[in-house]
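Each in structure tokens, the structures are laid out below.
Here subunit A shows up in two complexes: once beside subunit B, once beside subunit C.
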Partner chain A sequence: MKRSDLTRIPVVKALLVNRWPQFILRIVALAGFVVAILAGLLGTPVGSRNLSIVFVWIAWWALLILAAVPLFGRGWCTVCPIPMAGEWLQNGALLGPRKRETGDQRSETSSNLQSLVSSLRLRPWPKRFRNIWLQNGGFLLLALFSAVVLTQPMVTAVILAAFLFLAVGAALIFERRAFCRYLCPVGGFIGLYSQVAPLEVRVRDTAVCAAHTDKTCYTGNENGYGCPWGVFPGGLIKNTYCGACLECLRTCPHDNIAIQIRPVGADLTVARGRKLDEAFKAFIMLGSAVVYSAVMLGPWGWLKTTAYSVGSLAWLGYALAFLLLILGALPGLFYLATWAGTAQRGNRRALRQRFTANAYALVPLGLMAWIAFSLSFVFANISYLWPVMSDPFGWGWDLFGTAALNWTPYLSRVVPALQTLVLVGGLAWAAGTARKIAAEKRGGTAVPVIIYCFFITVGLLWLLIG
Partner chain B sequence: MAADWLTHRGVKSAKKSVNLSGEFLARFLLALLVIGTPLWIWAARRGETAVTVHALMPEKGGFLPDTLTAAVGVPLELNLISDDVMHGFAVGQTGWPAVDVKPGQMTEVTLTFAEPGTYTYYCTRWCGPNHWRMRGTIEVTGAEEREAPPASPPLYVELELDIDAPHELDILLKTPPSAARGAELDITLPSEFLSRDVYLTQTPFEVWQALRLASETAALTDEDVWDLVAAAWHSQTTDEQIQRGQTLYNQNCAACHGSGGGGDGVFGQAFDQASDFTDSQTMLGASTAVFDGKIRRGGMGTGMPYWGTIFTDEEIDALIAYLWTFQFPMDNE
Partner chain C sequence: MKQQRLWLLFIVAIFGVAFAPLPLGTAVPTSRTVRLEASSFEFSPAVVAVNPGDQVTIELAATDVMHGLYLDGYDLEITAEPGQTAVLTFTADKTGTFRFRCSVTCGALHPFMIGKLKVGPNLLLWRSVALSLLAVLFFISREPLFVNREPLSVVRKPNAEYEIRNTEHGIRNTEHP
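Now for the complex of A and B:
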């Protein structure tokens, strides 16, 4: 499929290059973020009546997993408010690069803040952590406490505030958006699943980049900052680490950056740049979807209670089982499937490479599993949003006249069919990807990986639809 | 490298400068939304005059706050909100209807007291095993404080009854006594057996014993005499009173004592001490005064709460009238 460059449309390009639309969206999101934290800290502890829970874990999550990630990849990162404060401290400006100081002339926007900025001695992110293992760990940690995090507004508020403080702290110590790139537990899986999105930021002609000595897309210029994600756009082959921040679109003096519509899942079959940390992210996400489906939507009250009783002996058992499933059983069985499907069984290194490569077949499966899981609770619970919008703190307000609206599940008859469609579609997509990946090496077969995916799909169908 | 990137020292030309007015506008908008929104929330909250009362399961605190103050004739505005499960709110001895206190939803209540005193508010929903502990008080003061008339002591105090003393009988009735059968016997009981005093102060067993010795009942069987006792007890109550008592019982007592009075309510099982009102051996050896005392004062060490500050005298009478129906049902054959 031929790619279609959206930046060839003047209006689209103007909207993307102009900082205001992005800025407006970000400050609106930041205001929502602040209100969510305040609601969690000051509002009712009843999750279904508190904006922090309903807005973040139902509305935002629905937007993210059902629309933003599958359609726009890192679209959320484009408007995410979490790094704003840190970036402001780093850059000394909200809208764009400040005017370059010449000689003794002080910048027109000089301020105490900029003195602080100038005094920062930002370091590069440590080499050994230039991967997504920390993000994997962060997500696992959150997932272990998810029953509490997703239901208790105070805990949600503390976590949101912690994200903000971590992002600011990272921005004061390390270069660029270190939090987004290496720490954000959400950014990790958005990056993984952005590989399937039908949208990409790429250069039009790599030769132009090669000839461009200044590499302003990486170093920045008067029109924009050097890539906050530390990515050289000329070398982009996958969406994973492109934060879709649009800075390269602003800084490229050769109009060589394109935002393109492309075939879905195009990155999954790119053989270069596959990594074990990303492979494990695929297992973590897939396994979490399975566990969440069982804990939150399953009929087992004892499991729900156990997941909720953080710190108890039963919960420790749950945590252990959770970790064993995700870090042991799922990758272990997948390793066996890889072993069965490869011709180079004796070569450990080759086997490990095939294991990593094959794991990318789990990316569409995992995304579809999350979509199927989210369909259940999003349509069942989104009606909590209407009263919460009018009364975000549970203080008896009625801002929009919707405070008294009762909980009503939507599309409850359609959701199981949709879930089936999504899961079966995910299986087909994963199987197709597995076949393409297997075809990269002679003598390999995708059948064991497809069987693995089949059993995961059957398990999810059983958990979600029964 | 990092500093270069930040301040763009490596950039050779600086053709454009940031639009300063744009930057200031951006900062203004940021401040407006990010600082203004919490400020607006704070300002809106500050204007509220009502007292917010949080309701939590008693293990987590019960009503917070659990003491309120008000003045006679001055409306007391309350915002009631549950922080966990469904609760209820009612003020004892006022007759005001109970309201539900829903999780996360504010219920507005305005109370205006006509008389000074200490009022008890309490939860009216079975929120947990310690539901009955969920209470608070409202101290109502008046501009013209009157000295309250001395309250008459409860009946059990007047009678110097030890309401905690066991009152089990060594009897076993083959069939429950029936007021309906007693009425059918067509025997006119001596008036002393039909007096209010007897109903209040004597136990059914004591009355049965006295009747057993009376000449009017000499030809009757023991069971017939029990039916007469049932009829005598029933003559001291009305259907409306029993209905009222049943409503109060179902709302406040059935959680522990069970809807059938068998001491097997959902929370009573946790205490294992809830009285069984269907047990004739304990019931027939107790007087109305004993029940009156236990309801008012509570059962020491048994988990039975005191209701003296919540129920009115009429409500306690109605409740006891209903309790007796577990022993003396009207429709028993």
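Now for the complex of A and C:
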């Protein structure tokens, strides 16, 4: 399929290059973020009456997983408020890059803050952590406490604040958006799933990049920062670590950056750059979708109470089972499936490579599992949004006259059918991807991986519409 | 030709599986009463099965705090004060499996307080499992079953002319015309 470049449309390009549209969206997001923290700290402890829970875990989550990730990949990261403060400090400016100072201007343009920050020597992120294992761990940790995190406004607030704090801290010690790239537990899975998005940032002509010795997209110039994600756009082959921050669009003097519409899932069949940490991210996400479906949407009260009673013996058992499933059973069985479908079974290294490669077939499966899970969760609970908009803290306010609106599930007759379509579609998508990945190597078959995906799908169907 | 017939077969099968009318069982409708105990955060019993056409009376007893019951698909709701019982009567005229949820904020896990009402067989589930099976068969039928065949399709070749390494993170360029 020919890719069409959105930046060829002048209005689109102008809107993307101009800093204001993105800045305004980010400011709005930042305001929402701060209000969510305040509501969590000061408002009612009843989750469904507190803006922090309803805003973050129902509204934001719905937008993220049902729209932003599948359609725009890292579109959320484009407007995410979490790294803003750190970026301001690093850049010494709210909008636009640091002024390049000439000698005699220095005293005028440098504020105290700026000189303070310039005196910090930002380090590159340590080599051994240049992967997403930390993000994998962070997500697992949050997932273990999810029953509490999702229901206690105070806990949600503390976690949101910790995100901000860590992001600023990382920005004062390390170069660029280190938090986003290596720490943010959300960013990790957004990156994994952004590989399926029908949009990509790429360069138009790599020869132009090769000839451009300055590589301003990486180093920055008067029009924008050097890539905040530490990625060289000329080398992009996948969406995973491109934060879609649009800086390269601003800094490239040769107009060589394109934002293209492309076939969905295009990155999954790019054989290069597949990694074990990403493969495990796929297992973690798929497994969490299964566990969440059972714990939160299943009919088992004891399971919910267990997941909620953090620290108790029962909870320890739950945590152990959770980790064993996600880090043991799921990858273990997948390894078996890989083994059964490989020609060179004796070769450990080749087998491990195939394992990693095959795991990319679980990306569409996992994303669709999350969408199916979220469909019932979100439509059943989004009506909590109207009262908390009027009464964000649960203090009896009525800002918009919607405080008294009753909870009512939406679309309860259609949601199960939608979930079916999503899950079966995800299975077909995963199976097709598995075939393409298997065909990369001589003499492999995707049949065992497809069967694995089938069983996961049947399990999810049973949990969600059974 | 053979390919086309296979496609046609699959498409017919998909529609058959998705929409074919199936008998719904022959049980004579009766009226039945189910007592549901609601406590934070579960219904007991959590799964209730009735036959299509039954006249169902649900007695919802809230044992600790106030709880409610909202029945998906039927869009019916009742609430029960603590220690009291509320009654809901309806005809189970829609078949399938329906979630019911607590409709009164009763504590932290309230949004997850969920049970199931089964009215006859869960055709949606069976149909979707059959559809999954069809999808899997479709892809498997196009895949070598044994592992010693030639690769099926040509893999995109990396561009040999330019290879730019991302100095920091080792991302390399492959696909550009």
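In the analysis below, the second predicted complex is superposed on the first by the 462 of 466 C-alpha atoms of A that agree within 3 Å, B and C clash if a C-alpha of one lies under 4 Å from a C-alpha of the other, contacts with A are read in each partner's own complex, and residues count from 1 in each chain.
We take it that a contact is a pair of C-beta atoms (placed from the backbone, for glycine too) under 8 Å apart; a residue touches a chain by one contact, two chains touch by 3 or more.
Keep in mind it's a predicted model, so treat the numbers as computed, not measured.
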Which superposed partner A:Cys209 touches (first subunit B, second subunit C, both, neither): second
First (subunit B), second (subunit C), both or neither touched by A:Val46: both
Partner chain in contact with A:Leu95 - subunit B first, subunit C second, else both or neither: first
Subunit B versus subunit C as contact partner of A:Glu440, first or second or both or neither: second
Touching partner for A:Trp395 - first (subunit B), second (subunit C), both, neither: first
Partner chain(s) touched by A:Pro124 [first = subunit B, second = subunit C, both, neither]: both
Chain touching more of subunit A, residue-wise (subunit B, subunit C): C
Which of subunit B and subunit C A:Asn221 touches, first, second, both or neither: first
Common ground on subunit A, meaning residues reached by subunit C in one complex and by subunit B in the other: 46-49, 124
Residue ranges of subunit B touching subunit A (in the complex, touch as defined): 1-20, 22-23, 26-27, 29-30, 33-34, 37-38, 41, 44-45, 48, 52, 79, 81-84, 103-106, 108
Subunit A residues within the subunit B interface of the complex: 20, 23-24, 27-28, 30-31, 34-35, 38, 44-50, 90-102, 108-109, 117-118, 120-124, 175-176, 214, 216, 219-223, 225-226, 387, 391, 393-397
Residue ranges of subunit A in contact with subunit C within the complex: 46-49, 124, 130, 147-148, 151-152, 202-203, 205-207, 209-210, 230-232, 234-238, 241, 269-273, 295-302, 304-305, 308, 340-343, 376, 380-381, 407-409, 412-413, 415-417, 420, 423-424, 427-428, 431-432, 434-436, 438-447, 450-451, 453-454, 457-458, 461-462, 465-466
Residue numbers on subunit C that touch subunit A, as the complex places them: 39, 41-44, 46-47, 70, 72-73, 75, 96-97, 99, 101, 103, 105, 108-116, 122, 124-125, 127-129, 131-133, 135-136, 138-140, 142-153, 155-156, 158-159, 161-162, 164-169, 171-176
